[in-house]
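Shared between the two complexes below is subunit A, which pairs with subunit B and subunit C, respectively.
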Partner chain A sequence: MADLKVQIIEALNLKHLKPEDIGDDQPLFVEGLGLDSIDALELIVLLQQKHNTKIANAQDGPTIFKSVRTMAQYIQDHKSS
Partner chain B sequence: MKAYIKGIGNISPQQTWGYNNFLDPPLEYHRNDLMAVEPDYSQWINPQQLRRMSRVIKMGVTSALMALKDAELEKPDAIITGTGYGCVQDTTSFLTKITDFNEQALNPTPFIQSTHNTIGSQIALLLQCHGYNQTYVHGAFSFEHALLDALMSLQENSAQSILVGGVDELTQISHAIHTRFDKYRREVKSTLTLFDAAEAGTVAGEGAAYFVLSGKDDTQTKACIHAVDTLFQPVQETLLAWIESFVRDRINIPFEDIDLVLLGKSGDEKADKQIDLMAKTYFPGASLGVYKHLCGEHSVSSSFALALATEILLSQHIPEPVIHKAVSRPIRNVLIYNPYFYQHHSLIFLTECHDIK
Partner chain C sequence: MNFISGYSRIHQGRLITPKETTVFAAADFHDFLEKAYDQLALAYPKFYKMDPLSRLGVLASEILLRETPVSNYLPDEVAVVLSNAEASLDTDLRYQATIATAPSPSLFVYTLANVSMGEICIRHGLKGENAFFVSPSFDPQWMSRYVDLIMMQDQVKACVAGWLNVLSDRYDVFLYLVEKQKRGLSEIHSAETLARLYQ
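Up next is the complex of A and B:
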């Protein structure tokens, strides 16, 4: 998960944050890190470019991108597919 | 047609913001790519908004905010931007990723920001300015045409205050492409002695300069812009006739009343010879200044020249590195002649605060 946090910081240019500033279960959007819809698109691209993982159903987005832990779990479950 | 300059924000390869003495000392470069001296952007832009902005957007937005602060104005009625290449770094990044990832999984941010009008729109978003917003992408006439639009808008009274500027960034790719066309000198000993060596080529530059313009003269006025004109790829005779006609018919003053001519000499021997000859013929009694060794050659270097001319009119002092020929007399009327690779030619005439003396 530490690597994923580094990738998120790099992809979203969150220069004011360190990996340890992002909690494993901290919400990524709105009240958590305060990410927005463009960031959601960047995270989808990150999954594709860095982890060769696509999101088959757009409706699953809010669940997958709830936190770093849910993202990591999704990558783990779908990496080989 | 008159526009009064109320505020200036200028980010360039020189220390043109937050300075104590303008161009004193000047920054000297020993290379052919002059990058802007950038401020701490977090002092001007919210970090949440800053993180998505590329360098050219940060330069443009910050210089616009500097100009507004200088003019003590919160929000202009209109925003007009000139840019030759726009957000070229984002465009490059977007296009590179198309090939790198085989047209799959493209990052949205560089794509969204790759359009030329992103700078003007980001300024509008930040200021919540819903007025007229225009971007001119007319090569090396971009700033001049933005300025012309501003002058006409003020004349028509369609706006009371206008934020107008020129922005262009120098990137590795754009520099490499121009280098392949032999536009730049291979070796530069010192930019401050650029005109001493008789060589071909110039130095590349970049910058962002915004101006707050108003149709009303008051105590806030720094200088008054009277006229701007452009000419593309003329033969030498046409060029000289155009300069003559601009002074005689457009601004309608005797040649000898022009106190200072800022010449866009670039260090390129062939072009500079023609420029020197023109200055000697038409303006033998005027002070002559140069500026492209300070800001580098780029599509909107005339915006740097306009900021420089305003500073000179205000201080009545020509900074040492600008002096090409000094004549001891008050500086009231300034003509900027800005050739770009001796293909695009533009003239801007400005005076001190009040009417032409």
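Up next is the complex of A and C:
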């Protein structure tokens, strides 16, 4: 998950944060890191570019992007060969 | 008659106000932006997500409105009128470069020059009339006339105006505040004054 945090910081230009500042289960949106809808799109691009993983159903987004842990789990479960 | 209460200038590694000039020893343009951000102790993380045009606008407006706050006005009483030569070309080019692989949503949202004006308005809670014009160079005559026209409206009490331009590592910013009564710098708002302050 440490690598994923580095990728998130880089993709979203969160230069004020270090990987250790992001909790594994910390909410990414609203009350957590405070990400917005454009950040959500960047996270989708990150999954596709860095992990060759696509989100088949947009309605799954809030569940997948709930935290770094849920993102990592989704990548683990859906990574294309 | 309207008056210029204050101004901020960002040019050639310098932050300039009527009171002081701050010079930064920066490695490059992006290093300069971040050093200026640190110097101002902005504590505004959204700054890092902005494109260079918006970053320059936020820095210049922060300097200007710290010295001459507009908090005494209602949000819709403060207008914003900006101009530049390159519109959003700096970001357009970088967005174009991402199209071949993965178009970047966060770059795409900055492919309009007036987004930089929106960032200034969000930062300072400004909701007055606003407009962004593109011209080959800063035109003091045109700008003074247009801003004076805006200021003729009863509901407009002040106007943040000026020049906000960047392309690659070439940047040039001059923002100023116009009010209906004298405050701060208290210079008459005219083409001659603007040309002198912009030099």
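One rule holds in what follows: the second predicted complex is superposed on the first by the 80 of 81 C-alpha atoms of A that agree within 3 Å, B and C clash if a C-alpha of one lies under 4 Å from a C-alpha of the other, contacts with A are read in each partner's own complex, and residues count from 1 in each chain.
Note that in this section contacts are C-beta pairs under 8 Å (C-beta built on N, C-alpha and C of every residue); 3 or more make two chains touch, one makes a residue touch a chain.
Since this is a predicted model, take the numbers as computed values, not measurements.
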* Asked: Of the two partner chains, subunit B (first) and subunit C (second), which one does A:Val30 touch, if any: first, second, both, or neither?
  -> neither
* Asked: Which residues form the common part of the subunit A surface touched by subunit B and by subunit C?
  -> 12-16, 38, 41-42, 45, 48-49
* Of all residues in subunit C, those that touch subunit A in their complex -> 34, 45, 48-49, 101-106, 109
* Asked: Touching subunit C in the complex: which residues of subunit A?
  -> 12-16, 38-39, 41-42, 45, 48-49
* Give every residue of subunit B touching subunit A within the complex, in rising order. => 47-48, 51-52, 101, 104-109, 112
* Asked: subunit B touches which residues of subunit A in the complex?
  -> 11-16, 34, 38, 41-42, 44-45, 48-49
